[in-house]
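In what comes next, subunit A is part of two complexes: it sits with subunit B in the first one and with subunit C in the second one.
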Partner chain A sequence: MIQLEKRRNISKFWTTLTPVIAVFLTMSFGGLMFGLLLGDFSSAFGAIKLIFWDPLFDENFAPYARPQLLVKAGPIILIAIGLSIGFKAGIWNIGAEGQYILGAIFGASIALSLYPQESILIFPAMILAGALGGFIWALIPALLKVYFKTNEILVSLMLVYVAENILASVSQGLLRNPEGMGLPGSRNLKDYPSAHNSEIIPNSGMHWGVLTAFLAVILAYFLFLKHQKGYEIRLAGEAPKAAYFAGINPSKTIIFCMGMSGLLAGMAGLFEVAGPAGQITMSFNSGYGFTAIIVAFLGRLNPLGILLAGLLMALTYIGGEIAQLMLGLPGASIQLLQGMLLFFLLATDIFTNYRFKSRSS
Partner chain B sequence: MKFKSVLSGVLLAFGFGTVAFAADVKVGFVYVGPVGDYGWTYEHNEGRLAVEEHFGDRVETIYQESVAYGADAERVINTMAMQGADLIFTTSFGYMDPTISAAKKFPNVKFEHATGFKLADNVSTYSGRFYEGRAIQGHIAGKMTKTNKIGYIGSYPIPEVVRGINSAYLHAKKVNPDVEFNIIWIYTWFDPAKEADAAKALIDQGADVILQHTDSTAPQAAAQQAGNVISFGQASDMADYKPFPRVSSIIDDWAPYYIARTQAVLDGTWESTATWDGIGPGMVSIGEITDAVPADVKAEALAMRDAIANGTYHPFTGPIKKQDGSDWLAAGETADDGTLLGMKFYVEGLTGKVPE
Partner chain C sequence: MVIFGIDLVLLISALMISATPVLLAAIGEAVVEKSGVLNLGVEGMMITGAVIGFIFAVNTQTPIYGFICAAIAGALLSVMFAVLTQYIMSNQVATGLGLTMVGLGLSALIGKPYEGIKSPTLSKIEIPILSDIPVLGPMIFSHDAIVYFSVILVATVAFVISKTRIGLVLRAVGENQEAAHALGYKVVRIRFLAIMFGGATAGIGGAYISLARVPQWTEGMTAGAGWIALALVVFASWKPWRVLLGAYLFGGITVLQLNLQAIGVAIPVEILSMSPYLVTIVVLVGISLFGHHTAPGSLARPFHASQ
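Here is the complex of A and B:
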């Protein structure tokens, strides 16, 4: 009989290395799957190369795929950084998807209500409104937890569905494009210069949201490394009792962590709706809020780790599309590949955190 | 063909440079659901396969399934254009702005957007007059319902879907003045779980006919399970559920259009157009009406189909009032395409409101 025993000292070396091992395992088993699907194992390597290598380095794909990687990774990283703050404190905001939606709606509303006036103040106002939208939406589960001891996992998750319904409603009513022939969806903000989140450098993929994501990575790094608040958050997560006796107010920690993650998710939503997506539509949210949870853990809740994990996740999307297009692979096989990534990460984590012991009966 | 596209991918993947063979024209398809939905996307993919079959080695096709609206769609369309597609079909209404945006970047690529209204020099639109099929469906449903309650699963409250509801209702009401429509909106084209839930809820409320404007066969399965409920295939024949509960279907036949447009690109005669074809030209067809339908009802339904096909009957022929009681069409007047394309109102007798 084999028994799992928790390790007293968890090796830093292996904690850092397991995500890399998980990626290699994903490549191997993914390649096996593609080989079976294509009925030809020699092309399995090609599929893996199309997904993980070609978007970055192939001269045929890279010029377009590289900037697109930033566009795809930007919102995921921004949300994941926010979530990691709460996760470190043991506060589980699962509803970033809803905060992302509300941020987009708040921000877009500013633009749509001022259309077609032009002013350089519009875009900054939209960013503030977007941050506020996400912040408010995240504050609901935070305050309910503080005052009524509700479970923030359930409340924040349920609020995603509420947000989706608000999104459906405003895309057909309040924010609908009056010139849209009755189809749902707002005006396209790409056609509204003052509101458009355009690329800072043309064709680089670098829009204001990507820049903000990078800034968030740096700020989060210093928050946890240097700042008192970062220490308090870590302590609240790792030793709640000690934190309590040290005079750290758990309610304040909850509100800070939920609020920050909501704020960043809201900003991500705003940058997306004003930039790559362009308009509020019923299916505007594409799961970034949930993907960010995976990315936060894949990156070990470490800002630099999250940056890399976000880019890796974006790579599986973009590369996955290319592999589908070039090889005719089914879309579901790419989702399977992404699922494998999380599975192998959790599986390898077992070896890091536990030791296998044979039980002597 | 498939082997070749696999081969080309492998050659490219290994960096072996340019592909040894080259088709005259490369055609791309962007799908909103998986090709195995057995509904909307399935039929578009059948159209793609028909193009491959028709042209053989002269044409290569590529596709991407389950493409989300917005930024993802634009990236997929751009990537297709960059990989040498000469003609790209974007097969859902949410791809409208991304298609127009990509068309600006790639003026030499031809684009075809299904169910939208924005045209450009290199963008055409195309869609089917599905409401013609809905009229026949409404007729059969009105005749066959015993509870006088018909359940309708709506996807998005867009003109196309509202038009279908109105058409089905008018023709059910004509043969059965007591008929009531119960409509559930689920805000997705393809979500078998949600579609099944909606069907079950409608059946629980007494509906013995389920009409769906969504893409999966889940409502068919729910009707089958209920045992005494009839249904109609949507977008595709959904023949697995014949002869009961599925008693007929509306089939979208995109193949002739896709072949004609590909031919036009090959010939260099492609021009931007707006196509809206119905039963007559064959873009919409009525799947087999099974023996579960009484013979006289079947004969009436087929007669209506033929009258619509040869243009002697228009499903929206007055007198018709709007839901609020105001006049829409005078006796003998038929609806113009402009009104139909922007239809956001119910006709008189329907309950509930078009969601805003």
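Here is the complex of A and C:
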């Protein structure tokens, strides 16, 4: 008879190993799924190789795919780092998508209102506005939680739908390109040098947002390892009562965690709209806010883990696009693959929290 | 009865149809949460129910088979959540979110060939005598089977939870899992069944969107209905009849804003379409301000007999 026994401390060994196992399980089951979809199991391995290997190492795809890896990973990592701060404290901001959209709208509005003036100050001002937009949007669920104990999961999620409607409205109205012949969508910021989030090194994919994401990883690492605030956040999540009696103000923790995650998501939105997306359109957001939730968990809420998980998730996006092109795999299968990854990770979590013990009856 | 260009009979009748998907999903989730489990995967189970129900209804040309298959599909998906959270002890919030993502991806994948097809619709059942009452008859007693089913389901759940032994055990497990375990109740097994019930009703609710309310399949067509169902449970303070009230209020707002869009009121369309979500937030705040905090005591707490 095999029995489960809760570990006193979570196993470090399994914490590191389980994400790797989850990735392999996803590849195996994903391959099986693609085999079914294509009606040919011999091509299943090829499909998995096309998604996880070829974007990086195949000479036909790599020149395009490697820079794209950074372009896609940047916003995902930036958002996930912010979310991980809250998740550690047991504060569930799942509306990052909305904060991302608001950040983009705020930031782009600065640029669009100043067009066509050129100044070196415009881009920094846009970044600040983007951060502010995301921050304000995240502050709504935070303050409602602090003052009225309203559930932040539901409020932050409802605000995603509100944000999507605002986005639809401004891309057809307020921020519409006056020279766009009535088509929805703003001016393209790529044609506005002072506002364009350009690549720092040409053809590397490395734009200011990617740099900010890397910076956020480093800062988060120090926050949790060296800083008092990081300790307080961890304590609030793991032992809320102990944190309370230690004099850690739960309201401040909520506002800090939600605010930070909104701020980073808002910045990610601005970098995306001023760079790779170029303009505010009804569908410029590509669900990064939700993907970042998977990335935060896959990276074990650890900054370095999130960096790796973000790159992996970006790889599935790019590999998925290639597979769509080469094999005609539907785009939704990649979404399913990402969901599967989260599921397998959660399933293998049992090894980190419990140990198996055989007991003779 | 026409007020401000809106026919009240049509409004109430449309409100009941509009509310039925969230009502079905919310009454199931209320049972799940009563047992002490928080399943955030409602949206994923609804959309899976919507696509599976649509596929079976189109292929058999019999809507009722669609609903049955949608219930089975929703329940099967919820089994994944149940196994992970109840036996493998995974985090309920993360697992629920994962379930939603898997559901959205899966439904988009298998629904692709069915886009743009019309489904067979349910026929209306006019309840004898009652449907002949002027005004009230066409308002309330002239609907399809699923609308009646949803109301009967609410009544049944309300009765079972408050008046029967099964309900008592369910509440005990949700309020205090350790005490229920000590009394010899199978906490995990009871929760497993509650989760499956929630999956089945969410599946039927989703199918009602693709088979009756729209009736067509488009990717992501539940558009947050699952999340609104979750909010309704909180709004209802976990009480079945209040779930019905909340769902009809919500349905009323949805129908009203659609009517206002149709008659061309001078309010931007986007403001009208975001109103259901805004109202949900306002109501959630109101409940947390004035409502009693009656959340089940063991809600979202993991249970393992060794602890």
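In this section, the second predicted complex is superposed on the first by the 343 of 361 C-alpha atoms of A that agree within 3 Å, B and C clash if a C-alpha of one lies under 4 Å from a C-alpha of the other, contacts with A are read in each partner's own complex, and residues count from 1 in each chain.
Here, contacts are C-beta pairs under 8 Å (C-beta built on N, C-alpha and C of every residue); 3 or more make two chains touch, one makes a residue touch a chain.
Keep in mind it's a predicted model, so treat the numbers as computed, not measured.
Applying the stated contact rule after C-alpha superposition, one finds that A:168 touches each of subunit B and subunit C.
In the superposition on chain A, contact of A:265 is made with neither subunit B nor subunit C. In the superposition on chain A, A:60 makes contact with subunit B only, while subunit C stays out of contact range.
Of the two partner chains, subunit C is the only one that A:338 touches; subunit B does not reach it. Contact with subunit B, but none with subunit C, is seen for A:47 once the two complexes are overlaid on the shared chain. In the superposition on chain A, A:80 makes contact with neither subunit B nor subunit C. Annotation: subunit A residues 168-169, 173, 330-332 touch subunit B in one complex and subunit C in the other. Listing the residues of subunit A that touch subunit C in their complex gives 3-6, 37, 92, 94, 144, 148-151, 153-155, 157-159, 161-162, 165-166, 168-169, 173, 290, 293-294, 297, 330-340, 342-343, 346-347, 349-350, 353-354. Residue ranges of subunit A in contact with subunit B, taken from their complex: 38, 40, 42-43, 45-47, 49-50, 54, 58, 60, 64-65, 68, 71-72, 168-169, 172-173, 181-185, 188, 190, 272, 276-279, 281-284, 286, 318, 321-328, 330-332. Taken together, the subunit B residues at the contact with subunit A in this complex read 2, 5-6, 8-10, 12-15, 34-35, 62-66, 68-72, 74-76, 78-80, 82-83, 93-94, 96-97, 101, 116-117, 156-159, 187-188, 341-344, 355-356.
Within the complex, the subunit C residues that touch subunit A are 40, 80, 84, 88-91, 93-95, 97-99, 101-106, 108-109, 112, 219, 223-224, 227, 230-231, 234, 268, 270-271, 273-274, 277-278, 280-281, 284-285, 288-289, 293, 304, 306-307.
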